[in-house]
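Some notes on the structure that comes next.
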Amino acid sequence: MSWEIGLIIVVVVIISAIVALSIRDLLAASFVLMAYSFGMALLYTELGAPDVGFTEAAVGAGLSGVFIIAALYYMKRRSDD
Amino acid sequence: MIAKYKNIVVNIASRVMAPFMMLYALYALFHGHSSPGGGFQGGAIMAAGVMLLRLTLGKERSSRKFPVWLAPVIGTTGVFIFAGTGIVTMLGGGNYLDYGFLPFPFLSPSEHRFWGILIIEIGVFLGVSGIMVTIFDCLTAEQE
Amino acid sequence: MILNHIIVLIPISLLVFSFITFLLGTVRRSLAYPTALVGSAISVACSVVGLILVLQGGPIHYYLGGWPPPIGIEYVLDYLSAFMAVLTTFIGFISIVYSRKSFAQELPHKVVPLYTITLLLLSGLCGIIVTGDLFNLYVFLEIASLTAYALLAVGEKRAPVAAFRYVIMGTVGACFYLLGVGFIYFSTGTLNMADAAKLLPAIYDSRAIIAAAVFIVIGIGLKMALFPMHSWLPDAYTYAPSAVISLIAPLMTKVFAYVLIRMLISVFLPEYLSDVIPATLVIGWLAAAGIVIMSIMAIAQDDFRRMLAYSSLAQICYVALGIGLANPLGLIGGMLHILNHAFMKGCLFQVAGAIRYRTGLTSISKFNGLGKKMRWTMGSFGIAALSMIGIPPACGFFSKWYLMLGSIDAGNWVFVGVIALSSLLNAVYFFKIIEKVFFAQPDDDIVENAAEPPKEMLVPIVIMAVAIIALGLVNVYIVTNILEPVVNHVFN
Amino acid sequence: METLLGSYWFYITTILMAIGLWGMLAKRNLMKKLIGMNIFQTAIILFYITGSSKIGATVPIYDPEIGVANPALYHNPLPHVLMLTAIVVAVATSGVTLALMLMIYRRYHTLDEREIMKRMHE
Amino acid sequence: MQAYLSIAPVIAICVSLIAAILIVMSRHYPRLCVGWTIGSAVIKFAVIASMLPSVLNGNYPAIKLFELSPGISLAFKVDSAGMIFGLSASLLWVITSVFNIEYTRIFSWLRDIRYFASFTVCLAATIGIAFAGNLFTLLIFYELLTIATYPLVVISGKPEAIFAGKKYLAYLLTAGALLIIATALTFRYAGTLDFIPGGFLDAGIGSDKLLVLAVLFIIGFGVKAALMPFHSWLPTAMVAPVPVSALLHAVAVVKAGAFGFVRVIGFVFGPTLFHDIGAGTILSIMAGITILISSLLAIGQDHLKRRLAYSTVGHLSYILLGLSLFSPIGWIGALLHIVNHAMMKITLFFCAGAIAAKTRMDRVSQLGGIGKQMPYTMAAFTLAALGLIGIPPISGFVSKLFLGQGALGADLWILLALLLLSGLLNAGYFLPIIRRAFFVPSDMFVKYDESPLLFVIPLALTALMALYFGLQPNGLFDFFKLATDAATSVFAGGIR
């Protein structure tokens, strides 16, 4: 994989990490977090760990996000910071 | 309680997708030794399939397909398979989880290892999927 | 034949029984308690057999899956881990015995998951103790932590908030530990403790190893609530259910202190942590400060359990002080204090639970005259309190004695003074209670109607109290047979 | 290892860890803390993965063209296996944390730490 | 001088521990508790007395039970010095428990297992201190004594008792902590803690370190021995019931502190070393000041027991003064004063208790004419008070004689002057009581009788013993020979 793509993913990952933490809508934050996890999964794959990437995509991007969304069913979506 | 999602597209799509996800979970499980995949991933995808149903069909209807009490039992069974294999290998005379000592007849030691790992992977698969679904069910449980 | 596998049976029996408990408990709730009891009894038996085997034939190494290290995961039962395993499983057994009535009163509907999780917690702790693999330790550490979060959260109204704070701090600690292990792994290519200990001296000057040591010490320090990384502990201990806390308070922080000792003696080796980077020096001074400050904080508390929590913080600093001294006697003192404090704090928290069970009281200022109504309970409390203060021949005195000898050997007079001062501060807050309990007149209907707790609670309390005296009298056997070999192995 | 300290992946890991820690410690919303925790954990996983990768090597899956003669041509597979465990641990932690969060929300009807403190002492 | 293996010291200690357990078990039967107390006291005294002949012959019963810490055993050895302390304490315990019968009948709230059990544990600890074979064993029993006395101080549960208990603990636990440090230091310097006549510390350790060590010991034991300025817990602790004050604050507890000095000076440092490093001077100056000031303070007290307490403070410092004199004669005087002061002071406390039990009066100014109403009690009081002043032929004179000779032998005229002055001051605070009791007309409207027989017998007995040991210092229990043996053994090994 070429380094340009790697760089793009890294930038996306860092930006999505910051956005996930600063966005005030928690549901949106959880989606951004899933995007972040997916970016990480791509990074892992690029670094030669496809099975970790696979797991991260399934577990980190999938299950964690679903957990958060499921929990948000019962909570306020707004955050003050 | 998660109610049924009121959108027919989402409903139908998830109903169609869920069996394939579960099938893919099994693929990931059984193909784990020669391509990315294995018990953890497979279990996670399996759990994701169940959760998809829970989220779109609502808890009540999805419980008909996958009862709430089943998840912890599956998880426990998975752990039992894991621990039980280890104990079987111990009874066979080897160390804990030494697959060479599994009591399979007519198999060479390397094949022993292959099947042993597969059994363990199945245990992990069941354990992970069961426990993940349990966590989900607990999170979405009725308010006290 | 089964003796070869005794080491792996200690955590595995608990693991298996935790799920058996769950299955049987789902069938019938009343089956959960006996199953859990059987499981922990089996683990006690296994660890005792393990200790006997180790005392007879030296350390036992066990290769999981038959793969020898550094490829496979190794379980080691040496003197220290065998000793810790016996301690952990025994305290676990005692508190499960104790827990029945307490759970039945406080959380009758959650008995099955509680016992399942309790056994899982014990399994994780035993795994931490017996493993000889750095990453495996992380896995068990997370098992123990996750179950502890869950157990601590089911208590009073404020418990989840406290547990959440614990989750955050605990995760940071575990991640730091994992990071440190990563540095070690990429520098040496091994995760096996013994192997790493052999390979590390060659690259002691590497910045990566320094980073590894710092991360691991901070991570474990967070987990064991070493001052000043303790902020999560007091709330978590105060609001948890009585039976849970009488299991977690004696064990959790102690096992992490054990991990720190293990890092010191079988991964980095003391000369590194004390000479190359002054980690032990920092730990020692932090511990000294922690002992004094936490004891003063304990004096200021009115809630009995909160006071005990602060006292726990002070006591864990004793262990850290022993580690910080990094000389044979100091380390013996620290390790002995793990044992002693486990029994003392276990007894005290059980007493707190018993008082709460019978009267619902947690505030010390309302304890007037309780000693007349709950003679055995409060008598045991008196013994444990005197031991905490350091009155011989109770066991608490002896760990302080070794720590003091260690401080003298190190020529550190401040530590000597701190140890002496802390027993006075302990005396202040324990005699405050003793005075109320035994010598004040009851001024409350609740106290008037108090009675001894049921036998299932009383017997563990009394056993702990007797053990406190007995451990003091036999401490020399523990020291010469178990702890000295550990220390000599490192310092010769 | 020394070379790794000089490599840019190390800085990326550090940046992500810093973001995660910031989220865990500075954010008041409990959900944000959880998100920070997730970021922190993934950063450590990234650290392990970068540590195991070698220039010019391939994924650690048996390739008939390379065979087993030269293990240097594969990335080190052990950290990958470890990280699978770490990921599962991470998601289990998230699950427990979310459960705690639900309990907290049911009692205090907010996820803001400052509000919770205020309501706790009422 | 050799030691032989004997289980007797352990029995002597365990008797009262077993009695304590029995008392706790029979808590619903107060009479039984009294019975256990007396029974264990008699057995204990018999066991200890049975060891006396062999100790006099120079055969010391000794036993090492088990190790408490590597290199340190729980060891007991009954040598002459320990025998003096143990024998006097156990003898007086028998008498006190007889006194206790009537006292607990009058003050029935004292019929409490906490009272009886703590009392017996205290005695076990005292005997443990007396017979300890090494510093560590002594330390253990010393701390145990501290803790076991606490319930006796606060037993009434009144605010002033609680306060006294707090003060008591604050002083004594601090002292205990310092002692632990001192013991640990000694162990690291010398590698052993076993008592050896003439001491086992080596001058090569360095006099600075040794002086620090000695100061730690002086404070550690000095608090219990009520050395000024660490004395103030003792008058405060006089809120305790009379038998407690009598036995513990005149015989067991405070003497344990003084006995600690015996062990430290004679058997850890050795008198020579103790003097060479300058600690002897420090101790003698402190003791001298204490004697003077406490006597002056005693004159000002109106509360009878407090006056006696200050007198105790002064007389304890006699013992410390004798020990720091660096001469065998002074040592003999000090060791004899342990016994003699115990006899006399316990008599005085018994009298105070008898008066208080009968009349509920505890102030000197209220005692006008009491001598005519309670003649036997006040006669015993007069006898003991005269003995403490130093009038021959009562036993106080004997020990003071030796102390004075010791001071002369050490060419310390100032100390001799001090002894004489303090004798005068003693007269200054005892004679007014006697004068008021016998020669001031009664201002009481109620006519009191003599105290009950169970009060009169113990206090008459102790008063007569004080007289007897003044006439016959070597009579009955050979205290004089024991003291001489102890002093010679210490000084034989002490000249290095």
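A, B, C, D and E are the chain letters, set down in written order, and residue numbers restart from 1 in every chain.
Simple rule for what comes next: contacts are C-beta pairs under 8 Å (C-beta built on N, C-alpha and C of every residue); 3 or more make two chains touch, one makes a residue touch a chain.
Owing to the predicted nature of the structure, the values given are computational and were not obtained by experimental measurement.
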Message = Component check with chain C excluded and positions unchanged: what groups of chains do you get?
response = A, B, D | E
Note = Per the touch definition, the chains contacting both chain B and chain D are A, C
Query = Looking at C-alpha means, what's the farthest chain from chain A?
reply = E
Query = Relative to chain C, which chain has the most distant C-alpha mean position?
reply = E
Key: Identity of the most central chain, Cα criterion   = C
Note = Set C-E beside B-C; more C-beta pairs touch across C-E
Remark   = For the pair chain B and chain C, the C-alpha centroid-to-centroid distance in angstrom is 35
Task = Give, as an integer number of Å, the spacing between the C-alpha centres of chain D and chain A.
result = 11
Whole-Å separation of chain centres (CA-atom averages), chain C against chain D = 28
Task = Find the geometric centre of each of chain B and chain E from their Cα atoms only, then give the gap between the two centres in Å, rounded to an integer.
result = 78
Message = Two-or-more-chain contact residues of chain B, please, as numbers and ranges.
response = 36, 38, 40-41, 44, 132, 135-136, 139, 143
Task = Give the residues of chain D that touch two or more other chains, as numbers and ranges in rising order.
result = 52, 61, 79, 84-85, 87-88, 91-92, 95-96, 98-99, 101-102, 106
Ask   = At which residue positions does chain A touch at least two other chains?
value = 50-51, 55, 59, 63, 67, 70-71, 74
Ask   = Which of the chains are touching one another, listed as pairs?
value = A-B, A-D, B-C, B-D, C-D, C-E
Touching residues (chain side chain C, partner chain E) in the complex = 386, 389-393, 397-398, 400-402, 404-405, 408-409, 416-417, 420-421, 423-424, 427, 431, 435, 438-441, 473, 475-476, 479-480, 484
Contact footprint of chain D on chain B as seen in their complex = 34-36, 38, 40-41, 44, 128, 131-132, 135-136, 138-139, 143-144
Ask   = Which residues, counting only chain D, touch chain A once they are in their complex?
value = 9, 12, 15-16, 19-20, 22-23, 27-29, 31-32, 34-36, 38-39, 42, 45-46, 49-50, 52-54, 57-61, 75, 79-80, 83-84, 87-88, 90-91, 94-95, 98, 101-102, 105-106, 110-112
Key: In the complex with chain C, residue positions of chain E that touch it   = 66-70, 114, 139-140, 143-144, 146-147, 150-151, 154-155, 157, 161-162, 165-166, 169, 173-174, 177-178, 180-181, 184-185, 187-188
Request  = Would you mind writing out the residues of chain B in touch with chain A in their complex?
outcome  = 2, 28, 36-38, 40-41, 44-45, 47-48, 51, 55, 132, 135-136, 139-140, 143
